[in-house]
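Some structures are shown below for you to check.
Presented sequentially are two complexes of chain A, the first with chain B as partner and the second with chain C.
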Partner chain A sequence: MHDFLFYGLAGLLVLSSLLVVILPNLLHGAISLIGSFFVTAALYILLQMEFVALAQIMVYIGGIVVFILIIILLTTRLGEESLAPGPGQKVWGLAISGALGGLIFYLVIDSIQPENVAMQADEEAGGLEQIGLRLLDTTSDGFIVPFEIVSVLLFISLVGAVVIARKDK
Partner chain B sequence: MNDIAFPTTNAIGDLVRANFPASSAYIINGILGIAAVLITVALIPVFLVWMERKVAAHFQARLGPMRVGFHGTLQSVADGLKLLFKEVLKPAGADSFGFFLAPILPATASFLVMTIIPFDHHLQVTDLNGGVIYVIAISGLSVFGILLAGWSSNNKYSLLGAMRSGAQLISYEISLAIIMLLIVLVSGTASLREIVLSQQGTVLDWWIFKLPGLGLVAFIMYLISSTAELNRGPFDISEAESELTGGFTTEYSGISFSMFFLAEFVNMFVAGTLTTTFFLGGFLAPQIGLGTVDLLFDAVPGFVWFFLKTCFIIFLFMWFRWSFPRLRVDQLMELEWKVLLPINIIVLVLGAIFVAQGWILP
Partner chain C sequence: MTLQNCLILTLFLFAIGVYGVLTRRHLIGILLSIEIILNAANINFIAFARFTTADPTAGAIFPVFVMAVSACEMAVALAIIISMYRHRKNLDVRELEALHG
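Let's turn to the complex of A and B:
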């Protein structure tokens, strides 16, 4: 059952990711990007990483794709032929993506060892509480310093937005 | 302890589990739960449209719909049927894919959020540990429907309305998320069921009153931000009919339009249920500390209290809509970025101090 689900989702993921680059209309590409992010989230849920899946939807779909969409909507000449790549660009694109794909494939094949095969996580490993405790752990195992730096950065950006909005009076 | 006082299983689920093997009972119960939520999604707008028209009418000293059924109760059924049979028109040059995909998205988002709402301690399809994160993540989806509808209609009014609405939804989402974060902070959990159970006790133990003063401020902030997030008056600039004819729904007709209409009312219901869950004790009975009254209130099932509280919040939304004049676009943005956001940040920091000092019992 899980294998079946995995291959179905993986096929959908490949299909929607391909559509992102192939579709001539930018907006349609952005919509299939939403689809591909959703399928990725579903894969995370299959791996019992509920929090990562939710974060994926919140950050990528709720944040990044919305901004991509707004930028696309503000662009003129949407979906016209001139946006399609020329023959020279196609050759270069194929070469670069082929090289990158080959490298990733090689590294993945190389790293498949019996001890690296993913195992079922124990009940709460991906849970909210466990992640929170781990983030706030002050021992060498924890992530307290990066966590604090990131939260200060985010807080500064929030306050900065308010300050910028207030300035033009 | 909470699981004994508030069991998670209900009679129908037990019946299925008793008659089927465990693995198929699991699937059957899931399907039954989702079907129940779907039926709720389909029926809630029928009631809310009637309620909206009645409330609006009485605010304007009219009677509202009176002819179809008792006091017009069947009016929205008749209107809904009429909308279903109307022709769906697509403007020339519109993008078919986006045009027909867009109406589905907002309704889907509100349906997905409804699946984790605790209508009662045993009436919840599933309880996620990260329920609040799920709510924030999924409710971001409805903005796609609006942006897509505006762009693919190939109409300048639609596009303008969609862009306004997109900016509005993204801005007010920040305020909503901060208030949700405050509730997560004080209740110590992100699961909606646990948030409700953290408010056990008398009325004064609900989060709206439990935090001295802070809860009330947070509640008002949450109400304002939800109203804006719902695109309802006084924040309905995305479909301001005097400026934009109909905003992003200008080119929609028939069933496509009614999907947007349905989503608007289901969204209002979802916002009401979330407010009830976060601030008004969810399915808990309002106990006021008098022995007999409390016993009487406790005898009423939890979902009745839940729906009563939700209806009260929805009534507040309608009250806002028919009392305040519409804001201008710049006023709307000013309100969020210069007023609500600073206040919300201060409220969140104060809440953190309360928790760190141990002034709030977990």
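Let's turn to the complex of A and C:
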């Protein structure tokens, strides 16, 4: 049952991601990206990481993709076909991405030991409480410093985005 | 469902994202493809956290940081896109060659 679900979700994920890349209309591509992120959240739930699935739905779908959709609607006409790739561009893109994928496949797949691949039974590990405690932990394996740095980074990028996007006087 | 299955899935997603970055000519299209690549990296983090014994909680925390940084990246990138559209009315990457030597 788990295997069947996983293969179904994986197929849907690859299909919707392919649609994001191939569809000529960018608006359709962004909507397909929403589908791809939903399937990813389902995959996280299948892997028992509920908090990351919720964060995926709220941050990516609720924030980033909606933001992208607004920008697409601001800068292109609705239903406008975007620029098609040039004739050589598709061939080169296919060749380079295939070569990179094949290289990583060759380098990575053999190095996974078979005894490591059983799923962990520890249900608590990815839970909300564990993640929250770990994020604010001040000992050496806690994540308090990156947590604070990310908050500063968010603030700086917000101010920077406003400065870049405002109208010149 | 094993670790190898997850790795092969993310490998496909990464290749799709690279193909998109190389073939899209619209700036926003390139951003969408980068999102696919980041998504593949997140799935990898979660898969390794779940299937290896080391430290699952740390593996679940990393995607949260990736999400925050990619939100920052999107905000700045879309601000740049808006200001570029205001100046040039055109987002074809072949015509944006102000930095071309």
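Just so we're on the same page, the second predicted complex is superposed on the first by the 137 of 169 C-alpha atoms of A that agree within 3 Å, B and C clash if a C-alpha of one lies under 4 Å from a C-alpha of the other, contacts with A are read in each partner's own complex, and residues count from 1 in each chain.
The rule we apply is simple: contacts are C-beta pairs under 8 Å (C-beta built on N, C-alpha and C of every residue); 3 or more make two chains touch, one makes a residue touch a chain.
Computed from a prediction, not measured in an experiment: that's the story for all the values here.
Contacts of A:73 after superposition on the shared chain: chain B is touched, whereas chain C is not. In the superposition on chain A, A:10 contacts chain C only, with no contact to chain B.
Ranking chain B and chain C by residues of chain A touched puts C first.
When the shared chain is aligned, chain B comes close enough to touch A:57, but chain C does not. Of the two partner chains placed by the overlay, chain B and chain C both lie in contact with A:158. In the superposed model, A:35 lies in contact with neither chain B nor chain C. Shared contact residues of chain A with chain B and chain C: 51, 55, 63, 74, 158, 161-162, 165. Of all residues in chain C, only 1-5, 7-9, 11-20, 22-26, 28-29, 31-33, 35-36, 39, 42-43, 46-47, 49-53, 55-61, 63-65, 67-76, 78-83, 85-86, 91-92 touch chain A in the complex they form.
On the chain B side of its complex with chain A, the touching residues are 95, 97-98, 101, 128-130, 133-134, 136-138, 140-141, 143-144, 147-148, 150-152, 159, 162-163, 166-167, 170, 173-174, 190, 333-334, 337-338, 341-342, 345. Within the complex formed with chain C, the residues of chain A that make contact are 2-3, 6, 10, 13-14, 17-18, 20-21, 26, 29-30, 33, 36-37, 40, 43-44, 46-49, 51-52, 55-56, 59-60, 63-64, 67-68, 71-72, 74-76, 82-86, 89-90, 92-94, 96-98, 100-101, 104-105, 108-109, 112, 116-120, 122, 125-126, 130-131, 134-135, 141, 143, 146, 150, 153-154, 157-158, 160-162, 164-165, 167.
Touching chain B in their complex are the following residues of chain A: 25, 27-28, 31, 34, 50-51, 54-55, 57-58, 61-63, 65-66, 69-70, 73-74, 127-129, 158-159, 161-162, 165-166.
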